[in-house]
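A, B, C, D and E are the chain letters, set down in written order, and residue numbers restart from 1 in every chain.
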Amino acid sequence: MIAAPSTIPAGGAITTQLLEISIGPQHPSTHGVFRMDVVLDGEVVRALKPVVGYLHRNHEQLAEKMSWLGSMPYTDRLDYFNSMSNNWAYALAVEKLAGIKVPERAEYIRVIMAELSRLQNHASAIGFLLQDCGAWGTPLLYAFKEREKILDFFETVSGSRMMCNYFRFGGVRVDLNDEMLAMARKIVAEFPKFLDEFEKLMTTNEVVLARCQRVGILPKELAIAGSISGPVARASGVEYDIRKVDKYGVYGQLEFGVPVGAVGDVYDRYYIRVLEMRESVKILQQVLRDIPAGPVQAVEVKLRGFKIPAGDGYGRVEGAKGELGFYLVSEGGPKPYRYHIRPPSFINLTVLEDMCVGHKVADAIIILGSIDIVLGEVDR
Amino acid sequence: MNIAFWIISAVAVLGAVLAVTLRNLVHCVLALILFFIGIAAHYFLLRADFLGTVQILIYVGAVAVLILFAIMLTHNVTGVDGPKELLGVKWWSGAAIAATLAILLKKAILSDPLATLLPAGDKAQSSVAEIGKALVAGWVVSLEAIAILLTAALIGAVVIALEEIQKS
Amino acid sequence: METIYQLLHVTFANVPAWTVQVAAFLIPIAFIFGVYPAIFALTTLVERKALGRIQNRYGPNRVGIFGVLQPLADGLKILLKEDIVPRVADKFTHFLAPVLIVVPGLLVYLVVPVAPGMVAVDLKIGVLFALAVGTMSAIALFMAGWASRNKFSLLGAVRAVAQVVSYEVPTVMAGVAVIMAAGTLSTLTIVQRQGGGILNISNWYVFRPWGLVGFVLFVIGGLAESARCPFDLPEAESELIGGYHTEYSGFKFALFQMGEYLAGMAMAGVTVTLFLGGYMGPGSGPGLVGSLIAMLWFFSKLAGMIMLNIWIRGTWPRLRVDQLMGFAWKVLLPLALVNIVAVGFWHFLTPRPLAWVVTTGWLVIWFLVLTKCNASAILEKREYRYV
Amino acid sequence: MIPTSEQLCAAVPGAVIEIVPSTPAAAQPAMLVDREHLVAVARYLKNEPSCQLDFCSCVTGVDYLAKGFIEIVYHLYSVALKHGPVVLKVRAPRELNQCHVPSLTTVWRGCEFQEREAFDLYGVKFDGHPDLRRILMWNEFTDHPMRKDYVPPADYEWEPTPHDEVLKRTKAAGGIMPPSAAVEVKK
Amino acid sequence: MNYPGKGLVEGLAVTARNFVGSYFYKDRLTTVQYPEERIQTPENSRTFPFLVFDESPDKPRCTACKICEVECPPKCIYIVMDRDDKGKPLQRPKAFDIDISVCMQCQICVEVCPFESIKMDNDYEKSKYGRFNDLVQRLPDLLKSNDYYRQIKPVKAAEVDAKLKAEAEAKAAKKAAAVAAAAAKAAATPPAGSAT
């Protein structure tokens, strides 16, 4: 625990007693069961220690007791805002380990699913961020209206809105027929209209500017040293997007930009997500335009008794929160020997204290909101 | 005198007594506020509504809040571990001073009959206009002096606050 | 109260004098206790439905036809809720705080005129009384926060007191402008001075340059006074969970809500009286029909102000504590002082167009000066490059 | 470009580096470094202008019960030069008192939480770690759950459809059996 | 032109447009009044598994082979094979429990089942009052007819029926071929037998 609240002289004649509060597991804006032990001097944050582990269900040990396919549905429960990217990360790691070739159409479908889940994740992320700033639910519910359409599409395709369990090693489970493709094209066509309305509501709003600009600045060197990935790092100027670096799936053949910020404060992290959504819409338009015909599942992958030659390997994907990786060790048996997840939300929390010290309590809350963590992924 | 006067003064006296005897500082301040409201009610009773409102505005609105903030900065406010006995050791000296003061006041209070204190119904028009005229006409010098004093106090507060911010 | 006294005196001549006086005293109070809490109940429903519609969803529509009985259902539910008092709480103060929250809200209505001659107490210093009573809520908020012995409520209480006190000053200054123009402090005469002109509307103070600035200051002061949207720091859900009323449940919590809404409506009422010409509107006059139409006008303006509050609540996020204080002392107060000077120009420059030009010019210059030196909140142009 | 092990041995005197192959398809060979020279190798990899591995993406603990050691695996990437994973491995014996590895938080700040998680779940102490506390389990928890020889406590409440060892343990403890299981106790 | 409160006023304009729009445009109001109106669940949607039977409930397709029990990740299926009085195993489950408080609707049991006997349902109103025994669905609750399956998932049911019919014909053809081969062999062996 943090040191007892001694009367540390706050640089003035009057020594004020420090107030130690825990913005605890049950708190309206910690995005789940997450706790921050904050030492306050009046309203200013002096020290902040994140405490995690309330949602820890030891998913990695469960995976050691299950077959390779058995833990695929569990990956939906990691970052339950985009289960498609989680599935893809796990499938990619296994395919890299076992050397499985994925048919062309399945790769295109994977990009559609991952980018749609990125859209609804970023929409909800900025909705929650502005909810923490105090906009009483309006931006969040506009974002959720768009998210509903995307979740309905996921339900039509994979069967469940959030727990899709849609990817298989070597492809996807269900093929997209024309009616589903038409539904996806309609969603992508309507998304920019929502973005424009959202930007007019929030981006130039003086109160949002006053609250978000110059707050929680993350310098570029600290972002790289702290292994920060995803929009949080790109907002600080780190030019690193795994879709461009690894060129996995068909991202190599698609043209899209990766927005990079300069200052790295809460406003940049908010606006980078808006720009990333616009880029995702561009990707979706390209992919939906030229999706080839063909099989959606590699033939040689057996459903039961699927074995991987002994050895270890690390596969990673640009999830909506950052770099989501799977480190798998196999002994040649049907069960993984070691199954480790590289959770972006968990690692992005390393620098939470550096960003919050010196700011007010209200700022600490929106800085946490701007990192956009999901506790399923932090605690695993 | 009418009933209202007795009720209000009883409430005011109760507030004053409680303000002195209670252990918990916060309760004392609340009793003090009760006392201030009692005084304001007296003013309204005497149809001096401007004074009553100013009393509420200044004392209840500002001074009481100031005292509350001061209390917030002190320790052990709930008076659990304070001195137990109510009357200090040298209580009799306090009582003597109070007695002499009472005698002097008695002479002033009883010199003119209570009735004159209550202006007749119709004569009581708004006292604000008179006060305004008197302030600007007769007492304009003192008004300006007080104004300068208050601005000086305001600027002093700002300077102290700025020092505090520079240092931390 | 005097008009009701004469009215009753005439009709019930044979009744002993003191009963008539008591009746004349009780009727306005019954009106205030009856109408304004009813408007509060209605406002909760209208607020939830309006916010719902803003957020593309229905508001409550299950209880009663369009959810009309929802306030009744809420009231009943709150009555049945268990009233939990934390063990370490300061029992007496914890109990007293919700009571004291509602008192200032209701006291302000004493001086708000609803129809010609119909005002509960025709104080000569109505406006000052309304604003003085507004400060009393600060003490109740502090008592609630301190008594709950909970760190979040303490933070909320400190913020609430600081906010109420520091927004009191610009509001009073903005009120001074109207008092100078109207020449009296009595709300009834202020409203009468705003009558006349084309359709009883053109003389409203809001159509004067200094009146518009005063109106905006009063609206912002009203929002801050009752801790509503851009200034709802004291009970900011995201930081302080519930602020000063975290540890309250059951009907005490409902009293806090009522106190807050009543304070909000009280400030709206005072704004309507001072700037939007109280009950003045086409058709309002002394007769029975005239005063009915006047009452209609007053309550519709009040409803308009409440809708504005709700609209703002559905759109803007909240400010931070230091920005809130900075905004009050660095922008609102200078603007209010400048406004007083503007009224001076208005009063002494007899030819109307000249007065218009000078006051508007004066105000615009100062407005630009103030926004220039508080430029921190303006959009910092940022460019984002694509890799 | 990714440094070869000979270059590393040359750069860091005395470092014992062994190449551990991975699956033929993944082709991510790992460099097993001895504990004493780990920090020096890491610092070299980070500061060397040709490789500039400034992004420590993933730190993992793996418990090889049969071989008797716990392995910590570091995946390093370069944000500046954008080249692929360099895998560092370091091994420590399984016994709790000797199970310690030098911490790389001083080289990469990002390892802080991940090393705390490896300590919490595997019991590997990281020397030089600024704030080595449990991160996922609660502080009073004494055991290290991800070790292969960890036996979970048998404090199950109601388990409506018990299976395999849970079924055996419920029967042994005389616990409540699901009605269908009671119909025919499996041999 | 850019006056100081521009962003704030634009925000108000957006909310006003939404407020007014919600009265006129249907897409601005997305609420579905649940008990009265219901969203039509898409065909692929899956909630909890159920067992399919063709003609009568006491002859389900399931042969209690326990593949789904082994493959189920959260281990929520519990099967006891039926035995006749002499102890010979019948190809039928005596008890088949699915604990829907543990089941995570991942549909792996449907994929691995070789006999197309377990399918995913569309019905999501399965809440019960009790937490322990009420949420364990026994064999009688799980059994549903094939035409119910054909009704909730027309396309999938058609595929499954076609596949089963094809398998049945193939088996029949193979049996016929085997009988013919046996007959032919029998015919061939007697002449050899008689010849010696």
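Miscellaneous remarks
Simple rule for what comes next: a contact is a pair of C-beta atoms (placed from the backbone, for glycine too) under 8 Å apart; a residue touches a chain by one contact, two chains touch by 3 or more.
Every value quoted in this text rests on a predicted model; they were computed, and no experiment measured them.
Among the remaining chains, E is positioned farthest from chain B, on the basis of C-alpha centroids.
The chain pair A-E and the chain pair A-C differ in C-beta contact count, and the higher one is A-C. Measuring from the average of all protein CA coordinates, the nearest chain centre is that of A. Chain A and chain E have CA centres that are 32 Å apart. Computed from the mean C-alpha positions, the centre of chain A lies at a distance of 44 Å from the centre of chain C. In terms of their C-alpha centroids, the spacing between chain C and chain E amounts to 61 Å. In whole angstrom, the spacing between the mean C-alpha positions of chain B and chain D is 71.
Shown for chain E are the residues that touch two or more other chains, namely 4, 7-8, 11, 14-15, 18, 30.
Among all residues of chain D, none touch two or more other chains.
Residues of chain C in contact with two or more other chains: 54-57, 314-316, 378-379.
The part of chain A that touches chain D in the complex is made up of residues 52-53, 56, 58, 60-61, 96-99, 222, 224-229, 238-240, 245, 308-314, 316, 323, 325, 327, 329-330, 337-338, 340, 342, 346-347, 349-351, 379-380.
Across the complex, chain E meets chain A through its residues 4-8, 10-11, 13-15, 18, 30, 41-46, 67, 71, 73, 104-108, 111-112, 120.
Remark: chain A residues 19, 21, 27-29, 40, 43, 130-138, 141-142, 145, 201, 204-211, 213, 239, 241, 244, 257-263, 267-268, 271-272, 275, 360-363, 365-366 touch chain C in the complex.
Listed in rising order, the residues of chain C touching chain A in the complex are 51, 54-57, 151-152, 154-155, 229-230, 232, 236-241, 313-323, 376-380, 382-387.
If you check the complex, the residues on chain C that touch chain B are 90, 92-93, 96, 123-125, 128-129, 131-133, 135-136, 138-139, 142-143, 146-147, 158, 161, 165, 168, 185-186.
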